[in-house]
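Given below, in the form of structure tokens, are the structures.
Both complexes shown next keep chain A, but they swap its partner, so chain B is in the first and chain C is in the second.
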Partner chain A sequence: MFITLLKKELFVELRNKEVILSMLAFGLTVLLIFSFSLSGNPKINHEIAPGLFWSLVVLSSSLGLHRLFGQEKDFDAFANLLSAPIDRGTLFLAKWISGFLFLFLIEILVVLPFFLFLGLSQPMSYFPGIGIVMLGNLGIVAVGVIVSGMAMRAKMSAVLLPVLLFPLITPLLIACVKATTGWYHLIPFSTWQFWVLIMATYVVIFGLAGYVFFEHITEE
Partner chain B sequence: MLNISNISKSFHYKPVLKDISFSLSPGETLALLGRNGAGKSTLLRIIAKISSPEEGQAVFNGNNLFEGVAAHRKGLYYCGHAPGLYPSLTASENLHYFSALHSCKTNPDSINSVLKDFDLIDAIDEPVKVFSQGMMQRLKLSFLELIDWSLLLIDEPFNGLDIPGQKFVMNKMESWQNGRRSIIFVDHDINRVLKISSRIMILDKHSIVLDDPISTSDLENKITSLMN
Partner chain C sequence: MSFLFQERSLRILFIVSVILMAVNLYAIFFIAPMVPEQHWAQKIFYVHVPIAWSSFLSFFIVMVSGILFFIKKDSYWDRVGLAAAEIGTLFVALVLITGPIWATPIWGKPWIWEPRLTTTLILFLIYIGYFMLRKFGGHPERVARYAAVLGILAFLDVPLIFYSVKFWAPQYQLHPQVEMNQQPDEILLPFFFSMFTFTILYILMLRFRVKISNFQYKLKTKNV
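Then we have the complex of A and B:
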């Protein structure tokens, strides 16, 4: 059933490109603003690059997360999903993984302009960075799907989502920035492994919470 | 088949349903009547596990629906007021996807035949967002020909349909009734309700004020006086 739900999520998004295009357009605009507002000094840009990257990710993701349930909301397809004999935890997993894939795709698309526009040097190794980004994405989207599921039925869901999302993911974002800084600035892993552990803890806690409590979160 | 006991629900401290209890046997078609805001749609949404009650139980085929076990909802199909479809998917994609969610396999032939039956074959590859309200209503009902169901909860099935469409759905509802299935539907047309249901229930002020089989004498007058 998970595969059926995930395939539908990807198929609907490929048909609409609603989440991906809005995140991409927003991400590139933010990047352009960053590149024009910064001093142009590569040293300073190198120092603050991890913070800029995660600012870009979180701003773009909030836009995408708001539309994550958009297709279900428009014609109340969500009611049919909830009444169907499918586990609601599986619904959460499908939304989580599809949201993660959309966000990761956006990051792949903006990472090259990010390095080019800010005049940044290429990292020494890519794999630890990819791991950090994937872990951060999983955490952000897990919290995002929970909050988006809660806010979906609210009249002011567009306002409610960022108001609930940003405070909840702030500790995760700090960990993401610290871990990315450690990797990008070639600091030994032992000094920033603590932040990776925090990220992993976030993913496990919110992933489990979403899986277990999605049943109650989504009911009226 | 379905046993509802002591269901109560309120929204923002305003009661919507108070202590609702009734049972439904296989083969029964129950029409739910009542004024706007009486709680008819909410009751259907609670049974479908879309909304949660503050109190009460719903037992379907011996299983408590409110335990949160997905398998307990097998055989139950909810057809709400809204289309309940994915606007960007086509008619056939929606049918295929929602049938899969009910563990029913479809093939292009079965989908084509159902869409032909429901006069939607010309719109098979059109996204649902361009459908008229009547077309969406027919598409929503066409699922019932593809999935295996035993309890249908349907909120205003004649909404948005023209006269031939209404007759078509009335015939379909009669044909779906094979003695093993049960239907609970919400409607506002007393004459139509008297034709297709086997039992009538009226909700007023959040409680059941009438629950009689169709054979009850002077039922039409009773309904009219309660509805007015």
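Then we have the complex of A and C:
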């Protein structure tokens, strides 16, 4: 059932590209603002690059997460989905993993202009960075799906989502920036492994919370 | 207003709170010794810490109410959760005001990214979102479920926020609470008395607020 739901999420998104396009366009625009508002000094940009990258991710993701339930809301399809004999936890997992894949795709598309516009040097190794980004995405999207599910049927949902999301993901964001700084600035892993642990803990706690509580969030 | 005092236990609690608070203020200003290097600024500590403790207790009650709401399926626990969230947010706002009042003369600046202060600020922001969700979330039954989930998630987030801020900026580990064990009895006794007084005050406020919520609920549902 999970695979079917995941396929449905990916298929719907590939057809209308609503989440991906909104995140990509917004991400590039934010990147443009970053480029103009900073000093243009590559040395300073190199120092603050991890923080900028995650700011970009969080801002873009809030827009994409807002549209995660967009199709269901617009076509009033959520009630139909809920009437199907599907475990709500599985529904959460499908939304979580699809949201994670969309966000990861955006990061792949944005990372080249990010390095280019800010005049950043290439990292020495890519794999640890990819791992950090994937773990961070899982945490952001886990909370994002919960919050988006709550905000979906609310008035002012576009405002409500970031207001709920940003404070909740603060510890994750700190850990993401610290771990990315450690990797990008070639600091020994032993000094920043704590942050990876915080990220993993966060993903486990909020992943489980989403799985358990999604039933209460989606109940009509 | 008089319906608040219909219950005997509430009347007693109210009188006890008033007496305790009067004694507490006297103890803070006239019994607790003046700390030489902090002078009058240190007196705020007898109010700031008990308020902070009460606010965290309040958010713990929000979480417990959320869990009980899902287990018992009774809207009473939603009203308890809302009452605790309101008082907790009010207390957190007071912590965020009294903290910088103390910090300005002692640390030389009103705000630093110290873990307890930052955790309090983030909790305050989470609860701003909580009340926005309560206000704009839609159907009341649905909002009650959302609020219960958010109350649980917010409390689960507390240790993660605390430790991430603690290790994010280790240079800001200046909070005086870590030195509490070394304080003399003349400071410790008024301090614990103040903690007790504010806890009693908190219980009184919570019971009043729940009573008002119950009354509003009855008015809505049964047209009393």
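In this section, the second predicted complex is superposed on the first by the 219 of 220 C-alpha atoms of A that agree within 3 Å, B and C clash if a C-alpha of one lies under 4 Å from a C-alpha of the other, contacts with A are read in each partner's own complex, and residues count from 1 in each chain.
By our rule, a contact is a pair of C-beta atoms (placed from the backbone, for glycine too) under 8 Å apart; a residue touches a chain by one contact, two chains touch by 3 or more.
It should be emphasised that the depicted structure is a prediction, and the values quoted were computed from it without experimental measurement.
> Thinking of the overlay built on chain A, is A:P85 touched by chain B (first), by chain C (second), by both, or by neither?
Once the two structures are laid over each other on A, A:P85 reaches chain B alone.
> In the superposed arrangement, does A:F75 touch chain B (first), chain C (second), both or neither?
first
> Could you look at A:K95 and tell me whether it touches chain B, chain C, both or neither (first, second, both, neither)?
Neither chain B nor chain C is touched by A:K95.
> Thinking of the overlay built on chain A, is A:R67 touched by chain B (first), by chain C (second), by both, or by neither?
In the superposed model, A:R67 contacts neither chain B nor chain C.
> Quick check for you: in the superposed arrangement, does A:F194 touch first (chain B), second (chain C), both or neither?
Second partner only.
> So, does A:T4 touch the first partner chain B, the second partner chain C, both, or neither?
first
> So in the superposed three-chain picture, is A:R15 touching just chain B, just chain C, both, or none of them (first/second/both/neither)?
In the superposition, A:R15 contacts chain B only.
> Let me test your reading of the model: by the given contact rule, A:E219 touches which partner, first (chain B), second (chain C), both or neither?
Both: A:E219 reaches chain B and chain C.
> For chain A, what residues appear in both contact lists, the one with chain B and the one with chain C?
After superposing on chain A, chain A residues 216, 219 contact both chain B and chain C.
> Which residues of chain A touch chain B in the complex?
For this pair, the touching residues of chain A are 1, 4-5, 8, 11-12, 15-16, 71-72, 74-77, 79-88, 215-216, 219-220.
> Which of the residues in chain C come into contact with chain A in the complex?
Spelled out, the residues of chain C in touch with chain A are 70, 122-123, 125-126, 128-129, 132-133, 136-139, 142, 145-146, 148-150, 152-154, 156-157, 160-161, 163-165, 167-168.
> Residues of chain B touching chain A in their complex?
Within the complex, chain B contacts chain A at residues 45, 48-52, 68, 70-74, 76-78, 80-89, 93, 97-98, 100-103, 128, 136, 153.
> Going by the contact rule set out above, which residues of chain A touch chain C in the complex?
143, 146, 150-151, 153-156, 159-160, 163-164, 166-168, 170-172, 174-175, 178, 194-195, 198, 201-202, 205-206, 209, 213, 216-217, 219
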